[in-house]
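Look for chain A in each of the two complexes below; its partner is chain B in the first and chain C in the second.
Coming up: the complex of A and B.
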């Protein structure tokens, strides 16, 4: 654990709370297994001693900003999480002056589970080249490890090259396991609709029974609602209790949006998202 | 393949162009395949991707979304949004195992009855070749 890094986060958090700049600091603390980490909300200057940061800090805390719109809060973000802040700014869900961002440079977080610090970097981190948050008020730097530049869409291409029947069989099996706990939605910084389509009763888009066809409709629409909005934190896949590879849905859409509309979510708080705009001259494969 | 197989097509037609185009095909007594079930929508931009997914979930073999030609939208820009939305959905469904040829987006104006009849026939033929959903 990089103690200097943690000291910097703690002293900044303590300063902000004492000063009264923020009501709360959202960060990480050691989980009860003594190895991994969990989200932590510090309301008192004394509580900042519990704040930590290391490579087990996988959570995207930006989701919590949606519950703290009324008071100014400080939040610890990794580079990928900072894209979620840009997304929420872009969609006018949070106000920039209501958030104090403590950015942490990062060279990847581990694939952790309970009682396991993890042996390897998360798959999404292995080829990621972002080391510095895109938006921050206070930057904490740590020693970075060089990561090789790699093809980020290999697992997507693997599915794309399968014959269509095999693709369908693959996804039917995956969606068939879904228990519709909606953990993927609850953890996602982009899923904040007050009334989710899946819980609407009129029209009843998705039936309440846990059946393959209903699950499929939920999964496809969840992913499609994040098209051009998913920032790739992969929290949905991490929390999925039945290990559905949700990242492979989100990243397929990310790849297509990049190819069709040359757009990537969360890089700027101003750029118009692809479905809010259009170009008259594009045909996108449809005959005029 | 079973020669008796008749694909089911759900067609979302915009009120201002394509629905009138279909009407034109009817009043001109053009014959085309009866496999299409038409739903009239105020604009092709009204078609929520959920509607399309719901059609496939409920057993449709193909879905047609048809609106005014780009530039001719009654609401100026509805069909430009339709185009972006379904270009992406079509690729995504293909990735999930619903062939891209099952989702058609076509522009048909109010005067193009002939074109509409021809298109429905072509779509039906193509779906018949693809076979039932369970096969491709």
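Coming up: the complex of A and C.
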């Protein structure tokens, strides 16, 4: 743990709370296993002593801004998390003046689980080249480690070469395990529909069956709803209790959107996302 | 009398059971351990901490058809769901067996849940003592133990060269088709899982019902359904009717008090609208309402919710916090 870095986060948090700039600071604290970390909400200046930051801080805290729209809050964000802030600004879900962003530079977080602080960087971090949050009010810099530039879509390309039947069999098996706990949705900063289609009764899209067909409809629709919107924090895959590789679906769609529209979600708060843009010259790709 | 099974004996015995019944056993799938019906003994894994999901799913499946109504030439026929075969669950941990015994109390109380009752009656339980406690385990604080024989039909305990077999019930005796050698040695000492304070937990929850603690704890809760769905003692479900091409099915599926729509009623009113009220419901059901109606706390210390919670809401910590808060508030 970098104590100087943590000290900087704590003093800024303490200042913001004492000064009354924010009602609450959303950061990280040590988890109950004594090894990993968990989200922490500091409301009183004394509570900032619980704030920490290290390479187990995998959670994308931006999702919590959706619960705290009524009061100004401060939030600790990594570079990838800052893309979620841009996404929510872009989609008018949060107001910039209601959030004080404590940005932390980062060269990757670990693949952790309960009672295991991890041996290696998360796969998404291994090829990531972002080191500085795209948007912040206060920047905390830590010592960074060089990461080799790599091809981020190797696993996607591998699946793409397989015949459709094999791909279908792979995903059917994966979705077959889904228990529809909706942790993937609940953790996602981009999943904020007040009434999710999967729980809608009228019209009835899916129904309550926890069964292969319904699971598949749920997962595929969700993935498409995040096409061009997923910012790649991979929290959905991290939280899945039955280890469905959801990140692969999201990155496949991210890759498609990148190739078709040269667009990546969350890089700027202003750039219009492809699926929220209408251009007259765009055709559907068939004879009119 | 305790019996001894060599590793080969065990495989032979499971193979014999498999021929007469559905054998539900732990299977390694990717990095997970899933309890599922197997078609051959080789699929079964014996080297595991505990299964990823609890065994409750065998008795109260994630989704089942309660009955269907079929319409033919103006005639309606009600088709009940039937259970085809007897089953045996192998490799059940003692904490999970206690979990089943606990949910028996609400589900088998008259008027009992017919499908649950039938599955329960037609399934035998072969427990497997734990050789090692996981860091998240706390069964001994919750009325169970790594070698607790109370709620299984047969208990197996692994030793270096095989297994000690204890017949606990008549239902268990019926599973033994061949005779095994007697085991004259002593049973190995069980591992010692972590301890959690449970003294006076019921009055503590009652007293702290309106404490701001719940709202603060719920700040980081994502309100997913993981804790409820991995839990051996969470038994809430939803029931809906769906029609398709002249037939109607009544479906039951798992549900969870953490989901925002769980307590929404007709007209759109939701009595548990805050995050804190929803999260409190989970703990109040386990630590207050259940013991008030059915005597014991509805937690067996399996540690699954601790392991699987994406934001580390740890029931052991909640129990400690409740005791500390109660001491502070002066009883």
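By definition in this document, the second predicted complex is superposed on the first by the 277 of 288 C-alpha atoms of A that agree within 3 Å, B and C clash if a C-alpha of one lies under 4 Å from a C-alpha of the other, contacts with A are read in each partner's own complex, and residues count from 1 in each chain.
In this section, a contact is a pair of C-beta atoms (placed from the backbone, for glycine too) under 8 Å apart; a residue touches a chain by one contact, two chains touch by 3 or more.
Just so it is clear, the model here is predicted, and its values are computed rather than measured.
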Chain B versus chain C as contact partner of A:260, first or second or both or neither: first
Partner chain(s) touched by A:223 [first = chain B, second = chain C, both, neither]: first
Touched partner set for A:4, first chain B, second chain C, both or neither: neither
A:158 touches, of chain B and chain C: first, second, both or neither? neither
First, second, both or neither for A:197, with chain B first and chain C second: first
Partner chain in contact with A:177 - chain B first, chain C second, else both or neither: second
Contacts of A:169 with chain B and chain C, given as first, second, both or neither: first
Touching partner for A:49 - first (chain B), second (chain C), both, neither: neither
Residues of chain A defined as touching chain B within the complex: 159-160, 164-165, 167-172, 197, 205, 213, 216-217, 220-221, 223-224, 227-228, 252-253, 256-257, 260-261, 274-275, 278-280, 282-288
Contacting residues of chain A [partner chain C, same complex]: 31-33, 36, 38-41, 43, 59, 63-64, 67, 113-115, 177, 179-183, 185-187, 199, 207-211, 235, 238-239, 241-243
Residues of chain C defined as touching chain A within the complex: 29-32, 34, 52-53, 62-63, 135-136, 216, 219-220, 222-226, 229-230, 238, 240, 242, 251, 253-256, 259, 261, 275, 306-308, 310-312, 314, 316-317
Residues of chain B that touch chain A when the two form their complex: 49-50, 53-54, 57, 69-71, 77, 80-81, 83-99, 105-107, 135-136
